[in-house]
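Just below is one structure, and these are the notes that go with it.
Each chain gets a letter, A, B, C, D and E, in the order it is written, and its residues are counted from 1.
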């Protein structure tokens, strides 16, 4: 097993473990922290795939901004493990079962799909993930969606302010 | 790295997100699980992007085939950020009104 | 096409925009200057165009000197293309001159006539007038029926706006509405004709329509198209049965009546038929219908005009009657004569209306001629010009009306002598009611109030200048079409318009015989004599009119009430429609439609009340169902073979 | 209002101009002021190594005096304790035994003499009340201590060194 | 690539470099605390600490010793794991920045050319952003885990302050990036070293001003030291901390300062560039050494500047701070960006 493979397995295991911890943590703050770990693992995956830009943007956007926002909200609400609403055990079981069957179905689908056999995702090499190439594509072919997304941001900002305003 | 591994991994993350949404009643955790699902999709997109790139590289060395996948991830992040800002504002609003973040308290969209 | 020609319609449009948008900021002087100035510039350009056309005709007589301006396509679909194209040819240039020339004079006149309005309304008036001039120019400059239709609708709109200019008066609004609706009926015919052409030819360009007809249009098509076009012309040019709007349209300010409802817009129908002369010449049935309709209108309106007391109503019915003459001319193939009459009629009818406006102005908006009289003492210029116009319209040689009317009547005689006799009867009636009008207004004793008598005055200079100019034109305007009887080859207009009408005329004049000069001269003499007699009779009868003398009875009463046509229409169309509408409103709407809608609504709300119970509002359960659905969907979708086998095995 | 002193300064309440609202010039001005202080002379006195002279009227820690033969001057008359406004002084008298003449000047002496330095206000009334010139306020002050007990000074702390037997000590105490 | 084929030598080299830099940073941070006191004293006409060792140079060790020796107090109702995690996160985030800072050009040892930079990744500046945005967690988690209202308020203040000023910080940097066209700190520095090129401060005075102000806010330095406002919030988010955990927080702040200064020096002041000296004329090792010293001189200057400002300017009120960040800094940075873009286009003759 070479280094890249072992990194892949390590990061995957870390991500899945952290994701499970997100689900089972009683304390929302712990959930947030575990989710940040997931994001770090996924950023690690991006680095493995040589998508440097996305790796760091993932950190900045998700870990640096979105999760801070979550933390903010949780801290402001002062939510503790006791505040966690109780859920019917049967419903929980049922949820896990349906999620699991979803996973099973899709995995079996992937196993059946012939088009995917032999296809590999290029690790470490390949320069499309570099910021230069991404930037070129973003500002030439995708400039309209880019601008539209800025409008989306603005409207989301306004919306959040309007919703969050007292009365 | 065979693409299936990435698919399995991302499916697992995605399913964990689904399970979280189904089993938790804390609106914030549910929201976080949605972010988890988004991230699983993001990773899969990047993996597919690299898969297509690897396939196209043999034909043309200077190709940027598959770059769309990564750009999609970028846009998904944009949408996620916008979504979180509005969604959290809504959750805060909800908390202010009901003093709870149980999503089942949202079963009536009034009062 | 020379680019300056494009400015002919654009300048009035510019004036419209300036006046319309700046109406709250412009002074009256500025408004009038912009409004009249734009039209004047347009007139100057038209004059250039005319001169150019004249030079070209001179250099190459008889040739077609059409200039086309084709900047872009209005509509392009696989089936057909409708270009945005303007054209200037002999016919157009003549109309350009009439429209812009008379338009300018009337703008000038309006500046004085409308001066009591507040600046915004004043500007609104000029904006409408400019828009009208623009639309009319587009109408005559269009190179296909669609562009013409644009202009057609534009002038209709302006007519509506201007009739209802004093929109605070409900009756005026009703008149505007009536004009609009009546025009729509005609427009429907026009539109159907356009659609028919598009369906058959895939083009509405004049060139294509008049060029390809031999190969692609059957006689039925031609007859149908020409009839439909004629329906449009009937609406716009106020022919039986769609004429009733025009007398009511006199609700608008008098300059509007002069410009739109006498000189230009109502002749749009004439223009259209003259433009499509090639088609009409190939449709004898239509021609007969046109001629009969025109003649009937001419007589019918003339009879009504005999007993009208409103100065503008008389003129309005006179207009309808004269338009009938023009259609008679068109119907018998005398296109040049019709256009000639359009022109001379524009001169003298505009003059009459302006004169009437002058009178009304002086009388402080009193329009009843029974309350006037002896105005010649107070308003010499108006009087003289009005008299000249009356002579012109009555057809006294050598005034312009004589030549044009004579040309039509001669052509009518050639087609059918009956047309001629009826036409002469109409001409006699024309002479009678015009001089009745003249006498009641300007001769005899003044029958108005002391107040009015005290304020009687000649109109200001801007109002009299157009009168004088138009009077001169009315007097000499006929000399561009001197019939061959007096001087061989002196009919300048016929030569000028020959390129346009040559093909249409070619279809007609084959086999037509000519009147001998002597016969024609005798006919002229007799008619002129008769007219003079009628005039003398009329003047003598009405110069001594005293108030309250007239108490119509019998036929006169019928005529006074305009043959009860409005009432007829009211009971024939309007009432049934009202009743039908009432039926729909009182029964169909509440019972059937509402019942159906409410029933469905009740059904849905009942059903949804039941289905609502499924919606618990618990996000978790929704998601759960969604996930399970996805799972099932995937299972079924990707395992359909197994499922099929399963079903085949067990069912 | 009538100004009470001529040192009052009117506050400028005019709205700030654009340049003032930038704040940068005033920030730089402030920084220049602080920077200039780097080069100012430090007024600090490095205390244990350097000291400042006391004023002539300074009243410091008490000392119990001896006469030139080294005998204690105090006779435990109690006048100082009476005079003390803070009631910081306590004493116990004892009779001089034979053979102690070289220790105490009079027949009666203070067997125990205590001043509570936490109470003392260093007013100097004890010094003025003493008929025997036995108590003086010196030019030192009380050093810090960990316990309150340590501030109750007994005779051992108060008595000056014996000029006969401890000549050197006395010399250092007197700052020679 | 098998595990054995891994370039262990490079790995070792980087490991050593990391160790050196981390310990150097810690040492410098140690002495920065001393410098803070000394500078404060000098600016206030005092001698400052001068007892421990010559000129008081051992003072930081005494302080450190004091911190270590103090009693470790973990509040009863606090969240123990996070309470301990907080200072660690703060420290880690602070130290992570040093990975992309080019400390000097290369040196040669035993025939090996060694880059004096831990990682020359081509998204260096983005990396710095990322790390800076992670720095909030230390404050927030520490403040929240203390289970103390004042700590929580201070932590939220600190976090929102950091996030607010991060925006303007990034925007001001974009102008520099537009000039250099690269995200790698090394190439930015080397471009400034090119003969004929000036330091970026010449091209970007406004950008530098914005960056500097935002850095002050990011490092929670006066006048933006709201998170630890003693007299308003009882000493801020680390109120419940004691002993070395408090020391970590304080240290991380000083390390942040050093790293910010280093980044600032690299971006705007030519990094290890020595003005008016052609480095290529010197031997490699000498140039590297001198360059390192130059960079350090710049860092020290900036640290002095930080302190100088701290002892000059009073603290902002919270609303003033937010107003400044959102209503002044961000628009100004945007304007700077626009201006730079326009000038670049103009120069390119478009």
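Annotations
What we mean here is this: contacts are C-beta pairs under 8 Å (C-beta built on N, C-alpha and C of every residue); 3 or more make two chains touch, one makes a residue touch a chain.
Treat the numbers as computed from the prediction; the structure is a model and nothing was measured.
Path length between chain B and chain D in the chain contact graph, taken as the least number of steps between touching chains: 3.
Note on connectivity: the fewest steps through touching chains from chain A to chain E is 1.
Both chain A and chain D are touched by E.
Look at the CA centroids: the one farthest from the centroid of chain C belongs to D. A centroid comparison over C-alpha atoms places D as the chain most distant from chain B.
For this pair, chain C with chain D, the centres built from the Cα atoms lie 121 Å apart. In terms of their C-alpha centroids, the spacing between chain C and chain E amounts to 84 Å. Between the CA-based centres of chain B and chain E the separation comes to 33 Å, rounded to the whole angstrom. Here the CA centre of chain A is 73 Å from the CA centre of chain C. Counting only residues that touch two or more partner chains, chain D has none.
Multi-chain contact residues, meaning those touching two or more other chains, do not occur anywhere in chain E. Annotation for chain B: residues touching 2 or more other chains are 18, 22, 25, 104.
Every pair of chains meeting the contact definition is listed here: A-B, A-C, A-E, B-C, D-E.
Note for the complex: chain E touches chain D at residues 42-47, 50, 308-309, 311-313.
Across the complex, chain B is touched by residues 616-620, 623-624, 627 of chain C.
By the touch criterion stated above, chain A contacts chain E in their complex at residues 2-4, 6, 27, 29-30, 33, 36, 52-53, 56-57, 59-60, 63-65, 68, 71-72, 75-76, 130-131. The touching residues of chain A, when paired with chain C in their complex, are 91, 94-95, 98-99, 101-102, 105-106, 109, 112. Within the complex formed with chain A, the chain B residues making contact are 1-9, 11-20, 22-26, 28-29, 31-33, 35-36, 39, 42-43, 46-51, 53-55, 57, 64-68, 70-71, 73-75, 77-86, 88-93, 95-96, 100-102, 104.
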